[in-house]
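Should a chain be cited, it is by its letter among A, B, C, D, E and F, assigned in written order, with residues numbered from 1 in that chain.
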């Protein structure tokens, strides 16, 4: 009888790359269905066109370059679907086709395929078609949530993904199930959420200082600005922003692997999105902002490599250097823990 | 060394873009259209030919301590001349090529050839080398310019003549913007590398 | 003088010689080209003005007040026909575009009721986007339209903005409007 | 001299008209020196410094020598000679006085002479009719813009060594694909910031 | 819980002459010799070695190379057992001096489960031990063989005292697992030198030093999260005592000796009963009808143990010593050794044969690594042969817990790659060693 | 006319002055801060292949060049450049180069591959050394090629690949004879062989015939038929393995005919 030999560990978790992709596809199903319900046949056409093109392109490239065909992992389909959801319903049918092709051919494979790409293929394609055919890609509108019913069905949805906030919540479930890492979406969301309040807060403080106000209570009262849910804030709650937070920024190859790095990345995404949103609009802002943040991922990652156990932090090193000056007889007493 | 193969070498093996990878800035910056590409290559060719000839002719006289400054002066002179002539006699092209004519001065191709070739070879071969390199540069620039212009505007219009016109205008604005330049040259280089690797594996 | 001291002098001498030769060559080129350049500019302006107002035989420059250096700038031109009547005003106007300054040429009739035409002398707009302001299609929209229609269609005028280049289109329209207003004031 | 807020000049130099990604100036070092982070950082430091120096020196040469003599047509040749001399001088001074800095920057200094970004700064200053402070600010901000992109690129390329990339794309084509994306991000993003 | 003895005497036992790190023993029996249970059959030839004893009564068949559970072939004594339980005479040595105990330990063949002969841990050459730890956090076998928990606890304390005596250490501690209620209960209130001990939880920066002072005792019991992994010693030492062990050094370099429950018990047995280390308790997973803890003779082939249990499917994989740290076996002829703690059987369906994909940077491995490494980066660097960079990223700190490989959705063999790189680094350093060895040694004891 | 000439003189004066200033500065500076560089190093870098592969054992071509000049490295130390480059370096340094000029390529001394049984199924990283770390490799034969491609990964020029037969194959068009694969193989399967050496034994097993037959259908069983039949006496079987003395071998091919295991191969 021949046994199998492998290095330990001999038991592993069930999670696989394709199960992650499948769960993401599943999580995007509700919003896709609602967008088809809301926008009708054009939305269905866009989704089908993008997914089919992505899959065919993936198959073609892997065939031509004699690579293993990896359609089954669902990655290409996921890219296609995400791109479709970021298309305005008014777009001509060739647009998602070109976009999905670009996403797979350039965004994914020209950068080395699964796990190797640096920029999210969905965003690569989106930014490309947005700047190439800006007329067709201009969102029908820039929504912001008003009354409660907007959460269920956003009448002013500019892109398919914005059609319903509630329908995006499966993404939160993915975080809960750890298919998506929590650090990026949470820091991202908080940054977008509080950006305008912070600006208002800082302006208010500057204003008070200029006025020459001395009463500390008045300064303290400015804290309430954070509770004031102003108009801009609702942008942080619109579909595309939420879609970006849950599905685009969390794409693992394009975010840092270090824990600290992911926090910084989340905050960077939030800042970039909010700044663009501040001057322009939150729809383009989300997608351009995350795309730009992808560009600094590597930088963040390389600068936030963790110190391993027993390794000295900068503080400790300075301390050590000082200790070296002290005679060694004294030193042992000081360092020994027991 | 025979002149013809020296000439061909500048187009193929020592192609300034795909072989030597020099002078990328003008290559990318001015290739929004074939017309600009031709203009830029013409300017570069003019400077390259004269610079190579002069450097080669003076190579025995140039003290090595100040070799680089002298090369630069020679090159800068011819660039200024191209600049003035183009501005005076070809104003539309001058408008399009703008700041890049003066930048021929620091175009790595010219300094590179002065150093690597003209400084070591005689005037005739330096002249041939300059022609070969210029031709290589021209062809690549036209290729990149052609791709970008065709995809970006649906047609190639050169000096008032419409050379190619697509029935369906793709109108890919991005191709004319800076990213289009990077994308085009990246794709072309990948294809060139792919072909080279294939050829090498087959033996050659 | 020893050998080692002589060498640097030779080197410097050669450097200076090359510089001087270079200067000579440049000077020789400069003299004819600069003359040509001036002619070019005048010719270009003439051609543009002529294109804008074909009926005009002559363009009389209207000079501004003397500036600090004692020079006077041309503010605009009066277009004069065969019989010496003013048939309109032509002008150049610099205005901030999307990417950098653009210089627009324009013409308006003597009664300030119709815009006669528009042209672009120079610009730094994005190729393929803003640079389309130089296309005949875009310029054609300014040909013989009522002054009241000189606005983008989004603000009620008759000029359709270029796709993807609203800012450039707006800049051209603004430049025209501003300058026409100035001329009207000056002529009044 | 044109009226333009220094902040506007700064934003333009760093982002909106980024030398590497939008103006295409200094690309040879961009694809050449970004293979590892340390070299990119060293080169960038040197470029910021030289750009500021060149902006200063060329302003003086242009406005106090060439313009009074009516010799503007000699601008190009004098600028390049000045830059070359400047770089050499910096190299010598640094080597003599700060050997540690020389060891980290030294090898990049000669590269800068033929870096069109430096000449680009100087020529754009003349073209934009900037005053002295404006010129220097533009020089520094162009250098900072250059640095930011160099560091982004170098980090990405360093990380790229950890992933699989088809053999014929590895190297330059890959660098260009990355540039495509960075350029697309810059062009589209910074457009929105009003200055 | 009590362990059950494997009743059936195997047809053939294979006793490797090397069941520890260090030099291989020299066989002192030859083909045809009769042997008794507990009879010494392999003699150490250096300090860094530990004697080997027969676990059965029988006749030596041969001395030849035979498969060893660590994967390669090792010179072993193969014995044909007889149906007799005759043993050599066991002489207890209750009042041996410290020096005698060292000899006794070597002669009784007491080794740590991680391989080092226990006496070399307690008495390292040229180093002084001041603290002895018994690590019972990783132990899968707690309390076995003892009637009551209190008996277990007091015997462990007695064993600790013996260990401290051998090492000449002034302090000692037993570290139990935080979630191991049974053990905590057993040790809670146990009396040492007339003083009842509390089980001290190690949290944050509160380490052993604090509790030694707090409880005013030189022997304490502390609880700690479970740490598992093949190379946990340095990390364990750091976590428990706060003493940093430099990369490439071991806890003895900072005056700490880490022993296991098994070796502590073996020492106790050797001193109080005079019995050498010839049988051990193991667990068998993946089968039905096996006692959870099984007392087996060293040298028993895995085959016999597996036969004693029922395994209903086709065996796809046999693993010695735990799913995370164990070694997969290509034959079931391999014998149980002193370091064997468990045998795991996996069915053909359970055997993972996932194809590795490229790393998707999901960072799951980074999040689980207990020592804050970046396993994804290390695995790529190892794969590309960039070992120097691995070293710069502190690859030697990896405790080989395998969590990274467990969670990786791309099914990358991260731990294997890390071990591959560590091996390459160790080899590179071994080559350089002749020149620098004295410096390297200095590097450990200097500093902390 | 005078206007033009004075204009020219003025421009010449300005640029001449600038040239003078720069010249003086550079001369002064270059004399003050003179650096000694060895021009030979530059020349050698020129003739080296420039792959920076490190096969010479130094940190890239430039390092090698410097060492050659300082006599720390042999003239023929660049395996990629081979004899031609060595000759050129010798020319630069004025030294005579001796040595064979014939091309050598790695030769795979094992024909086992799929012909050799596996002791177990392996699941893990594709690397021969890694398999070696686990239970000494999966092949029944402890000497043979494991076919997991450590050599493939070691080759910086993509010249080796594992073929259908589970054995490495060298593409001579791409191979530069750098020898990195040979150094990488944990079982010493690869050796350099000259192109003129036609007949090779494709086995390295020192196991006895019976043991070999159990695990491999093409391994050398040490039957000595070849040794007996070789007219030149070029083959010797030592320790159950046939070894060919290439100096004596004439390439007649008789041994290839007689070998019952088809272990000897004629290229």
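Following the convention adopted for this analysis, a residue touches a chain if its C-beta (ideal position, glycine included) is under 8 Å from a C-beta of that chain, and two chains touch if they have at least 3 such contacts.
Because the structure is a prediction, the values reported are computed rather than measured.
Novice: Moving only between chains that touch, what is the shortest number of steps from chain B to chain C?
Specialist: Contact-graph shortest path, chain B to chain C, evaluates to 1.
Novice: Starting at chain A, what is the smallest number of hops through touching chains needed to reach chain D?
Specialist: The fewest steps needed to get from chain A to chain D is 1.
Novice: Taking each chain's centre as the mean of its Cα atoms, which chain lies farthest from chain C?
Specialist: Centre of mass proxy via C-alpha means gives E as farthest from chain C.
Novice: Looking at A-E and A-B, which pair shares more C-beta contacts?
Specialist: Output for the comparison: A-E.
Novice: Where the CA atoms of chain A average out and where those of chain C average out, how many Å apart are those spots?
Specialist: Taking the mean C-alpha position of each chain, the two centres sit 47 Å apart.
Novice: Hey, how far is the Cα centre of chain C from the one of chain D, in Å?
Specialist: 31
Novice: How many angstrom lie between the centres of chain C and chain F, each centre taken as the mean Cα position?
Specialist: For chain C versus chain F, the centre distance works out to 67 Å.
Novice: Could you tell me the distance, in whole angstrom, between the mean C-alpha positions of chain E and chain F?
Specialist: Whole-Å distance between the two chain centres: 44.
Novice: Mind pulling the chain E residues that touch 2 or more other chains?
Specialist: 327-330, 351-353, 358-359, 377, 413, 416, 419
Novice: Among the residues of chain C, which ones contact at least 2 other chains?
Specialist: Within chain C, residues 11, 15, 18-19, 22-23, 26, 30, 34, 164 contact more than one other chain.
Novice: Could you list the positions in chain F whose residues touch two or more of the other chains?
Specialist: 11, 14-15, 18-19, 22-23, 26-27, 119-121, 123-125, 130, 133-135, 158 - these are the residues of chain F that touch more than one other chain.
Novice: Every touching chain pair, please?
Specialist: Pairs of chains that touch one another: A-B, A-C, A-D, A-E, A-F, B-C, B-D, B-F, C-D, C-F, D-E, D-F, E-F.
Novice: Applying the document's contact rule, which stretches of chain B touch chain A when the two form their complex?
Specialist: 171-175, 177, 179, 183, 186-187, 190
Novice: Where on chain D is chain B touching in the complex?
Specialist: Chain D reaches chain B through residues 21-28, 31, 73-74, 76-77, 80-81, 84-85, 113-116, 118-120, 123-124, 127, 166-169, 171-177, 179-181, 183-184, 187.
Novice: Please name which positions on chain C make contact with chain A in the complex.
Specialist: 163-164
Novice: Please output the residues of chain A touching chain E within their complex, sorted ascending.
Specialist: Result: residues 1-13, 15-17, 19-20, 112-116, 178, 181, 252-259, 262, 305-311, 335-338 of chain A touch chain E.
Novice: Touching residues of chain D toward chain F in the complex: what are they?
Specialist: 65-66, 69, 71, 74, 77-78, 81-82, 84-85, 88-89, 92, 95-96, 167
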